[in-house]
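Labels run A, B and C following the written order; every chain starts at residue 1.
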Amino acid sequence: MQHNWNFASVFAYWDVLLIGLWGTVYIFAITCVLGLGFGLVVGMMRYSKAWWISYPARVFVEVFRNTPVLVQIIWFFFALPVVTGVEVSAFTAAALGITLNTIAFSAEVFRGGIQSIEREQWEAGKAIGMNYAQTMRRIILYQALKRMLPPLTSRGIEVFKMSTLASVVAYSETLHQAKLIASYEFNPIEAYTVVAIMFFLVLLPLVQLTYVLERRFGKSD
Amino acid sequence: MHEWDFAATLADMDFLLLGLWNTMRVFALALLFGIPLGLCIALGRMSRIPVLSQVSSLVIEFFRTTPPLVQLFWFFFALPILISVQMTPFVASVITFSIQSSAFFAEIFRGGINSIDKGQWEAAKAIGMSRRDSLRRIILPQAVKRMIPAFAERSIELLKTTTLISTVSYADLMFQANELASKTFRPLEVYTVVAVMYFFLILVFSQLTILLEYRLAKSGEGTLR
Amino acid sequence: MTPVVEIRNLHKSFGDLEVLRGIDLDVMQGEAVVLLGSSGSGKSTLLRCINFMEEPTDGRVRINGDLVGTERGGRMQYREAELCRLRTRVGMVFQHFNLFPHMTTLENVMEGQVIVLGRSKEEAKSKAMQQLSRVGLEDKAPEYPARLSGGQKQRVAIARALAMDPEVMLFDEVTSALDPELVGEVLKTMRQLAEEGMTMVCVTHEIGFAYHVANKVCFLHEGRILEQGEPQKILKSPDSTRVSEFLEGHSLFKLPD
């Protein structure tokens, strides 16, 4: 059977799609910034020599790496209000789940990056009289960040894809808006194809960027 | 303050365990189809025939860059209309996750094969092996060992991603949890129990990975990450 | 006269392994001391205890008369801030250079001055250029370390340490990682420093350097100083058979008559 593709039936609702796009970008920006920022903090805690700093960080990382994001989102949306007695919006639940997951994953990237810097660099900083914080900031982090750029970019791509999970609690991001159009117009083929291609076109340049970064800043300097 | 009461949740534990079983079924089938498919795509990507390698890399990039939930919706809602067949949530899930994970597995295969020293190809060639034989008898056995941790890591990701199939009403653990939560009016307990179940399930897998990596490191094998 | 470095009864253990078993050593102003010994004799550890890259297990270290650390209940305690300050007074050069790869040569030499000593950028820059020309590399100031040869890297590392105006310089096998043809330029720089009156302590396998440049040679064996004295004495007619065995076994040992 031949299907008559009719993309006009999707683009007629460009304003609906636009709301979705904005929703995707908005939740991505917030979760990405918060996730990477706190990820750096947790990653450095994880690296600490004091067990009472590193241990809680480790537990945090294990818990949020080892539970599916969707489970977290659903938990924050349906279960958290029962504990706190406060309504949790779809956006808050989704952003919370994605952010916590991103913190846990990027913390491991940061820790790995810091660990990958040779011990000699610490010694060189020490030898000219720098303290721990100065060496970390000026010598170690700077070099580590370069090595972490490719895995962090990949993480960003994952976060962008994860934003679609917010549709499950009916937050109006791209996929959710497409679902609305599909149920209005009975055109799921076109609606979901458009969404798939949109994500592909947005993320493909980013994927290419990670390849470039990997070649430039990969293991060797 | 909410009073915790797990009785209702625990009474219906078999309901949740059924969901767990369904989750594992999709997971296992996706691995079963995804890994060989991944190898094929990887070989396609490394092929000297330009069209084959371009198509393979397009497939890889497409399934790596589009969100799995979008893919699932497409295979469940769009594909059946397109080819006019009946599609059950189960079949759609297995198809989606087989293809989706095969794209990731393909990149692991490719990385593993590329990581083998060129001298090994040359040595195989020098004793008269064909490209095919060299790959099968010399390169792949060495590469697979290095790829195991990356495979394990990817499989854990896949396991987490299977929660998405609840959105197309397939009765996996997540879906059963939703049902139970609305039946018992105890979302806090139900979702907490389910979160803990997923946590331990994934923890067991990831600990196995670490153990495996440790064993491989001890046997002096470099691994691929 | 107060020694620049005064070490008394220094002990250092790593777990059960006792690497230093009671070292006494004085380094006077303008002196160049060379530490010799086979690997595992503890010479590098001794050096690293002088600027507290390693904290000694027991014993006292004084730099120009100032005792490092505070005594509490018979044990020495060291605070990070104090050790950081100490390390600005004691310069160190490493076997593997350890330049900061993300900074240019000039920035490498400026870094400690600006961040640790709090000098202004202009002051640090003119000081850095001065030290770079002292090691003959002022034209490499804008280059990144990756563009330099091993010998050049090591001379930049020397300039980086000198820029802190240290009271004493420590050299930890600084030529061991270099290609043979690059060793000479680094030794020449070190010799020039010694002649300018810099106080220095060197761990090295270059017996020729010890013979020509050092004022004092110490031979370490199993964590103790077995023999010390003028290089002419120690290197030509040592008292201990261990020292002569070491010198005979040393392929680089070619002394002029």
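The criterion applied here is as follows: contacts are C-beta pairs under 8 Å (C-beta built on N, C-alpha and C of every residue); 3 or more make two chains touch, one makes a residue touch a chain.
No experiment lies behind these values; they were computed from the predicted model shown.
Novice: So which chain is farthest from subunit A, going by the mean of the CA atoms in each chain?
Specialist: Chain centre farthest from subunit A's centre: C.
Novice: Going by C-alpha centres, which chain is most central here?
Specialist: Centroid comparison flags A as closest.
Novice: Which pair, A-B or A-C, has more C-beta contacts?
Specialist: Looking at A-B and A-C side by side, A-B shows more C-beta contacts.
Novice: State, to the nearest whole Å, the distance from the C-alpha centre of subunit B to the C-alpha centre of subunit C.
Specialist: About 55 Å, centre to centre.
Novice: Can you check how far apart subunit A and subunit B are, centre to centre, with Cα atoms defining each centre and the answer in Å?
Specialist: So the centroids are 19 Å from each other.
Novice: Express in whole angstrom the distance between the two chain centres, defined as the mean CA positions of subunit A and subunit C.
Specialist: So the centroids are 48 Å from each other.
Novice: Could you list, by residue number, the parts of subunit A that touch subunit C in their complex?
Specialist: Touch residues, subunit A against subunit C: 120-121, 123-124, 126-132, 134, 138-139, 142-143, 146, 221.
Novice: Per the contact definition, I'd like the list of subunit A residues that touch subunit B in the complex.
Specialist: Subunit A residues touching subunit B: 1, 3, 62-63, 65-72, 74-75, 78-79, 82-83, 85, 157, 161-165, 167-168, 175, 179, 182, 188-189, 192-193, 195-196, 199-200, 203-204, 207.
Novice: For the complex, give me every residue of subunit C touching subunit A.
Specialist: The contact residues of subunit C facing subunit A are 51, 53, 80-81, 84-88, 91-92, 94, 96, 98-102, 111-112, 115-117, 146, 160-161, 164.
Novice: Considering only the defined contacts, which subunit B positions touch subunit A in the complex?
Specialist: Residues of subunit B touching subunit A: 2, 61-62, 64-71, 73-74, 77-78, 81-84, 160-161, 163-164, 166-167, 174, 177-178, 181, 187-188, 190-192, 194-195, 198-199, 202-203, 206.
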